[in-house]
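Heads up, there are several structures right after this.
In the two complexes that follow, chain A is the common piece, with chain B as its partner first and chain C second.
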Partner chain A sequence: MTDPLNDLFTLLPELILVAAALVVITVDLFLPRGAKWTLTPLAVFGMLLAGIGCALVWGVNDTVFAGFYVVDDLSVFLKVATLVIGVLAALFAPSYLVSRRLPLGEFNAILLFSLTGMFVLASSSDLVTMFLGLELMVMPAYLLTGFHKTDRYSNEGGLKYFLLGSFASAILLFGISWTYGLTGTTRVAEIGAGLTGSTAGIVALAMLTVGATFKVAAVPFHYWTPDAYQGAPTPLTGFLSVGPKLGAFALLVRLFVEGLGGDVRAEWLVVMAVLALLTMTGGNVVALAQVNVKRMLAYSSIAHTGYIMAALAAFAAAPSPAVQQRSVEAVLFYLLGYGVMNIAAFAVVGMLQRDPRRYGGLVSFAGLAGRAPWLAAAMAVLLLSLTGIPPTVGFFAKLYVLLAAVDAGMAWLAVAIALNAALAAFYYLRVIVYMYMRDPEPEPASIDGHPFGVAALAMSVVGVLALGIFVEPVLDFLRASAGSIF
Partner chain B sequence: MGLTGYLVVSILLFGIGAFGFLARRNAILMLICIELMLNAVNLSLVAFNAFGGQGEVTGAIFALMIMAVAAAEATVGLALVMAIIRTRQTAEVDEYSDLKE
Partner chain C sequence: MLATGVVGGGLAVVTLRNIIHSAIAMMVCFGSLAGMYLLLGAGIVAAAQVLIYLGAISVLILFAIMLTQAGDANLPAPFHRQVWLAAVVTLVAIGLIGWVAVTTDWGAGAQAASVLLEELATTLFTDFALPFEILSLLLLAAIIGAIYLARRPEEDERVN
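Presenting the complex of A and B:
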């Protein structure tokens, strides 16, 4: 495709998001203080328009801009999942931000820019676009972590995330530079062949892997995660724990599944499998010891990273293209399901923090079922889904990863996932026990019932159940998307 | 001086940056060390491009992109450092230990 206008058309979803961010910033200047809440529907409207843009580029399946960018069905699925997360994040945030006098306009604009970065990552077919997309995604994420400027914890989380994230970016870049030097190209599809056989190639590959696994928060590169997640304003933590993770997995899928799939798979398989095992076990074991629900969810998000990496390891070990495709489908489905349930679980923690002195301790959940039965029921559904109990989306997400691992002949990894899920049940169910079987505190935390937040929570719970019960349409979408790269 | 010379300098620069990042405890100095690492990457990219580019300019363009990103990164980083210095009155990262188990 050489027509530049046609190339621009395939960029429609990204252009809409950037335009929406600029409109939000501009409109914010002219709105009186009492009308700032309208920025949230405005941002959500922009995301829905971008969703329509995604529908228009469905089925294009072409590389554009001289091979720097690819618009295939896989990228469309990732973008739709991104938008689901974005809409939920935009709706969950206002109550928490407004009660702490934090600006909504800046939040929505930064969120939209971060989503744009995730879009670019999902579509990148060149190391240059991949790096630019990654930075466009994580720099807003640093700002969102430190969004509560006057709060010590938010500052500290933001700075730690920034310093370690930039360090990892530099390592990733060094790997990219050497990849370019060794292969003479930055096209992802062409770099695989040049990286095998030489020591420098292995070093470059190792640096790429370190940089990328850092961004998904895999053990042993996870040290920034709990601090950044605990420090950030709680609903924004929900976004940070799923948005940049989805983007980073998009990078892993693009880089390793498409680029290095053929030639370096054997080397890469062992690394991925070991990292997956370390990540899920490490995350779960430390999560067991947490009394702060926010920090517990932060560690559990590391464990979920491990499950998704197990599906990637299954891809690398898969004996046939059909099994490979199923592994990639497992990755994508897990990302979508995890995105919805995790962002909502963090939002519930945020709703119990109306009083700014509360930092999400386990005791604030005590006796919640008596005080707010609907909220407790919603949290229970989300936690059961995170544990992986049917008929929720969490169950099917884990099931597909397990099946992919077994199909790929890695039964030991499947056993590890099952054992880890049992371990995780202990700390997720502990919150449910607190909600339903403990007496409330003498002066329980007041509950934030902002209409946007309640609507988003209802959407998430319905989504978690609907994705679990009516899974077939989503799977069709998924198969068509994953099929576009095989 | 051939490609090897440039690469040795680049690796040294990257090593100094990485060591400085891990050894220094001042947030602003750590930021400077990250910039050193990015500049090492730029040097290696331009060198790879000049010696093996066969007329194409991907490496040089990439280096320009990295400069733009590094500037944005410094802006974001300094904003975060400013915010934390306002609440803690120090830029020493060892003092930032409120978030832990």
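Presenting the complex of A and C:
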């Protein structure tokens, strides 16, 4: 066992986040009513400090706390992506929460706890820590879904998410207990061999897969998604659609990329490829039929899950370690790019919902270009990025997934992705058509643009373009971090 | 007999119309589970089950029901439309998992680990120190959220 103080040092980013959460909840008690807005910069400051903490543990590449926790460069990348999402989520929230008189203190504290859970997931090298990290991430997510507690849809979404999420956690936990029973260990790196070649191993693997794919909202475990996403306060939906998804993919990468080798991987490949195909097609087809933009984005987020899973399938099929690494890079890059563009797109929907009776229908976008040209332009960039059109990050994200699939010899999957992207273009571009070519409603709602939200929107649009144009530095960071597990 | 208690108790929790009866059925379920742990040689787990679930949680739930319940407690069963389909799917799943569980040679992993309380405590606070701390964070987050959700909306307006 290494020096315990050194172990504590590697936990620096997590410790900072927890401290920030506690500071936020304490300061909240003493702030007068008019000064609550300061909690948002306070939380963001905490996240930036945690970012510095991440920079300090870059290159540590060590397993700490008796093997329960691993601080490698992959985990640092995932944590930085988590923080990007966290900062955007904290900044977007006030434009919706303040006008509905929902408390910022509890929101920021709960958000910080959820981010801590995602950190734990990113660094788990043991099934026990992994499960706890997952729960620490999704428990706040249930709360955020039901955060607007006087709203019927928010309550319904929160309850559904909580109940179904608990069942999925139970299935995952059952899978973990079978795994432990079969292999006598909960170390991720050691379970692969024990699960090979027995029916019970397949059952355990199936339960682990079901539990994990539920959390990323893969078809056919996606039934909670539209209701939870539609019910949650809109900027929080943005966080829910990217944050817990990032965490759950971190779990999948940790569990299946590091834990499983050889025969298990071949069995798992078929499952993953089929799930990816079902997920992207299912999500897109249902999204086509939606006239509510919020619900449409919810279904389209399912489709994006499918693309990321395709990259995981490419990993499982990859013939050489170099191709494997490129697949994992595709997963990571997609998670980061998708995180920024999707959270911002939901935030724009939220900004058009100042009137609480509006639930983000297509008509609220009609003629937006005339009355709010900057907002319309920002949304257009985000939608083009979600479609996957250059020079945005969405294009490169899809490109890397396609390349990974082709390199892995799964050309049919690449074709499926391309077809799906074309299908998705229809419903994304429809919103742009509404914004630029339709006349506005007689009495459109005013725009709910809190200064923090506007700043975050500008940051996201710049980010979406910058990640698309100056992609090389990010890729270097990505290669270095993905390289740490190969 | 214990298994009957667990399964029967569990079924009763979800099917009984009166919520107090459900809570008492849940105690039967928890108690039987404690007995099973004892039979499997996990005395500490059984003790914890009795203390925490049977003692603390059940009493807490009974109190919560009594303090919040207004008027008639006979609620309609919420999930009854697709009950037959669900029953078939569940039975198939149980059959499959049960068959695999019985036919598998569990080998070394299945040895009942009878640990002393002292050893358990040492492991919990050395090797498992980190998971233990994460768990306490999880509880803290859940408590903050629960207080927020349970607070009256008027009080939120006053604090914001």
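Everything below uses one rule, namely that the second predicted complex is superposed on the first by the 482 of 486 C-alpha atoms of A that agree within 3 Å, B and C clash if a C-alpha of one lies under 4 Å from a C-alpha of the other, contacts with A are read in each partner's own complex, and residues count from 1 in each chain.
One rule holds for everything that comes next: a residue touches a chain if its C-beta (ideal position, glycine included) is under 8 Å from a C-beta of that chain, and two chains touch if they have at least 3 such contacts.
Worth saying up front: this structure is predicted, and the values here are computed from it rather than measured.
Participant: Regarding the shared-chain residue A:Asp448, is it in contact with chain B (first), chain C (second), both, or neither?
Facilitator: In the superposed model, A:Asp448 contacts neither chain B nor chain C.
Participant: So, A:Leu102: does it touch chain B (first), chain C (second), both, or neither?
Facilitator: second
Participant: Just checking: does A:Ile110 make contact with chain B only, chain C only, both, or neither of them? Give me first, second, both or neither.
Facilitator: second
Participant: Could you look at A:Leu173 and tell me whether it touches chain B, chain C, both or neither (first, second, both, neither)?
Facilitator: first
Participant: Pick one for A:Thr150: touches chain B only (first), chain C only (second), both, or neither.
Facilitator: both
Participant: By the touch definition at the top of the document, which applies to A:Gln230: first (chain B), second (chain C), both, or neither?
Facilitator: A:Gln230 sits against chain B, while chain C stays out of touch.
Participant: Which partner does A:Leu163 contact after superposing on A: first (chain B), second (chain C), both, neither?
Facilitator: The answer is first: A:Leu163 touches chain B but not chain C.
Participant: For A:Gly181 in the superposed arrangement: first (chain B), second (chain C), both or neither?
Facilitator: Touch status of A:Gly181: both partners.
Participant: Which partner does A:Val18 contact after superposing on A: first (chain B), second (chain C), both, neither?
Facilitator: Once the two structures are laid over each other on A, A:Val18 reaches chain C alone.
Participant: Is there a shared patch on chain A that both chain B and chain C touch, and which residues make it up?
Facilitator: 128, 132, 135, 139, 142-143, 146, 149-150, 180-181, 184
Participant: Show me the residue ranges of chain A that touch chain B in the complex, using the header's touch definition.
Facilitator: Touching chain B: residues 127-128, 131-132, 135, 139, 142-143, 146, 149-153, 155-160, 162-163, 166-167, 169-171, 173-174, 176-178, 180-181, 184-186, 226-227, 230-231, 289-290, 295 of chain A.
Participant: Over in the complex, which chain A residues touch chain C? Could you list them?
Facilitator: 18, 25, 28, 33, 36, 65-66, 68-69, 98, 101-106, 109-110, 113-114, 116-117, 120, 126, 128-129, 132-133, 135-136, 139-140, 142-143, 146, 149-150, 180-184, 194, 198-200, 203
Participant: Which bits of chain B are touching chain A when the two form their complex?
Facilitator: These residues of chain B touch chain A: 7, 14, 17-18, 21, 27, 30-31, 34, 37-38, 40-41, 44-45, 48, 52-54, 58-59, 61-62, 65-66, 69, 72-73, 76-77, 79-81, 83-84, 86-88, 93, 96, 98-101.
Participant: Would you mind writing out the residues of chain C in touch with chain A in their complex?
Facilitator: 96-97, 100-101, 103-104, 106-110, 126-131, 134-135, 137-138, 140-142, 144-145, 148-149, 153, 156-160
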